[in-house]
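Letters A, B, C and D mark the chains in the order given here, with residues in each chain numbered from 1 onward.
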Amino acid sequence: MQDKPVFEHRMTVPFQDIDAAGVVFYAHLFRYAHEAYEHFMQHIGCSLRELLAEGSYLLPLVHAEADYHKPLHHADTLTIELWPKTLGRTSFTLGYRVLADDQTQQASLATVHVVLDRTTQRPLPLPASLREGLGAGAPP
Amino acid sequence: MQDKPVFEHRMTVPFQDIDAAGVVFYAHLFRYAHEAYEHFMQHIGCSLRELLAEGSYLLPLVHAEADYHKPLHHADTLTIELWPKTLGRTSFTLGYRVLADDQTQQASLATVHVVLDRTTQRPLPLPASLREGLGAGAPP
Amino acid sequence: MQDKPVFEHRMTVPFQDIDAAGVVFYAHLFRYAHEAYEHFMQHIGCSLRELLAEGSYLLPLVHAEADYHKPLHHADTLTIELWPKTLGRTSFTLGYRVLADDQTQQASLATVHVVLDRTTQRPLPLPASLREGLGAGAPP
Amino acid sequence: MQDKPVFEHRMTVPFQDIDAAGVVFYAHLFRYAHEAYEHFMQHIGCSLRELLAEGSYLLPLVHAEADYHKPLHHADTLTIELWPKTLGRTSFTLGYRVLADDQTQQASLATVHVVLDRTTQRPLPLPASLREGLGAGAPP
């Protein structure tokens, strides 16, 4: 799969996300990425709310990482680009780029999710609907 | 009931609780108060974890308020004093004072909790164990 | 001044704002209200970012309160209505209503802000531009 | 350097750190790690508060990562072990292990910090005091 964005989430850095050094606290970037992920999942027809309410599987995170290129500030408007990086048999990896208004890249992140059977808590193959939704951004 | 503290919780303001104005974001004070409340409930033998796991009632908040006297800063060490202000038939009110190291009062808060039957979601009289725990700080 | 909304902010409850009781943690409502306030201030031409960067005054909160009518859940879409409740000489009060999609009122909040001279930290009369912006929703 | 803990931070998972799936939201682990880091820095005589107030350098994070082994729950008591993994010329890496009461490992994290000159914003060699403090846990 190529690393091309398939989804964009826009947001503005709120007043309270600043830390004692005057910039956005690093862990908030994972929160921003997760909000992009929630919107993305909704977009591909796999809303987390429905999954949690009635799904047969869960998608816990097993790994997360971030590289911080530039500090972010209060009221910055950000675009978070999201794309599926890899689809495994029972897991998938999402990539994220955090861009400022002038398109400079502020940070990049990745999260790895596994598909767990809700009852047995064991890994499951990616359900077809999820694989299809995630694969939509991938080249043939 | 007199307004005398029956419980103290000590904490240090973490790096990430600062806002764009360089002081602690006001809503975090409610979080600090709730952490004091969790420790207090444990202290009087009504741990929230056990309540949630096996209790027959819940204690949702129906009101919260705060007065802010002085700004709080990164790494301030705080004492949060907590005491039951009023015990009603189906609800109770807790008061909180947030003190700096030199005992100056930085903020004061109050939270009102109702006792709800977990099944019917209707108000219940305060269970005896809870009434006893809350009343421990009250004068006879 | 009548209590009529002059500004609306729409949002969706994110995955991570839930607490151990399965509903939105009460203190997050103050965060939601503050985000509505930030957008409102921008809307009336008094952006907090500019105030912090170059303003001669600050607007610290001295009081906040909330009444919780119904629990909020993950992925609820909310409308936060905001309106100036009172304009004092050196302070103002904002009111907020949190509405669900079916227009039922989930919570109501109020915040009181004072105008402080940035240098002296003393109360100042409301600057004309701020008074005008806040007054825009008031009847004549 | 060996991967041996040189510092331990104890904490209890608060009520509000749970997500819609009923477990601790993954990004909070970075917050927990940072709180351990703050206490550690104080312990080795490089308090972040003093650094920010009067230091000639800053220590921004440029990378963070986490592996999640088991879900964490409300009221779990955790021990966060912290140790310097590598000391570079102008950066250092900290490792963290999050342990449950029965010593099972719940998560492991790493953060990479660079030393930046506060005025020029350019990388600086690790100051002697910091190198000494970080090196205290390393074998000869």
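The rule is short, and it goes like this: contacts are C-beta pairs under 8 Å (C-beta built on N, C-alpha and C of every residue); 3 or more make two chains touch, one makes a residue touch a chain.
Computed from a predicted structure; not experimentally measured.
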* Structure fact -> Overlap of the chain C and chain D neighbour lists contains A, B
* Among the chains, which has its CA centre at the largest distance from chain C's? -> D
* Go through A-D and A-C and name the pair with more C-beta contacts between its chains. => A-D
* Whole-Å gap between the CA centroids of chain A and chain D -> 24
* To do: Express in whole angstrom the distance between the two chain centres, defined as the mean CA positions of chain A and chain B.
  => 35
* CA centre of chain A versus CA centre of chain C: separation in Å? -> 29
* Send over the residues of chain C in touch with two or more other chains. => 15-16, 20-21, 25, 27-28, 31, 34, 48-49, 52, 74-75
* Structure fact -> In the complex, the residues of chain C that touch chain B are 20-21, 23, 25-28, 30-31, 34, 48-49, 52, 58, 60-68, 71
* Which bits of chain D are touching chain C when the two form their complex? -> 15-16, 18-22, 25, 27-28, 74-75
* **List of chain B residues in touch with chain D within their complex** => 14-16, 31, 34-35, 38, 47-49, 52, 74-75
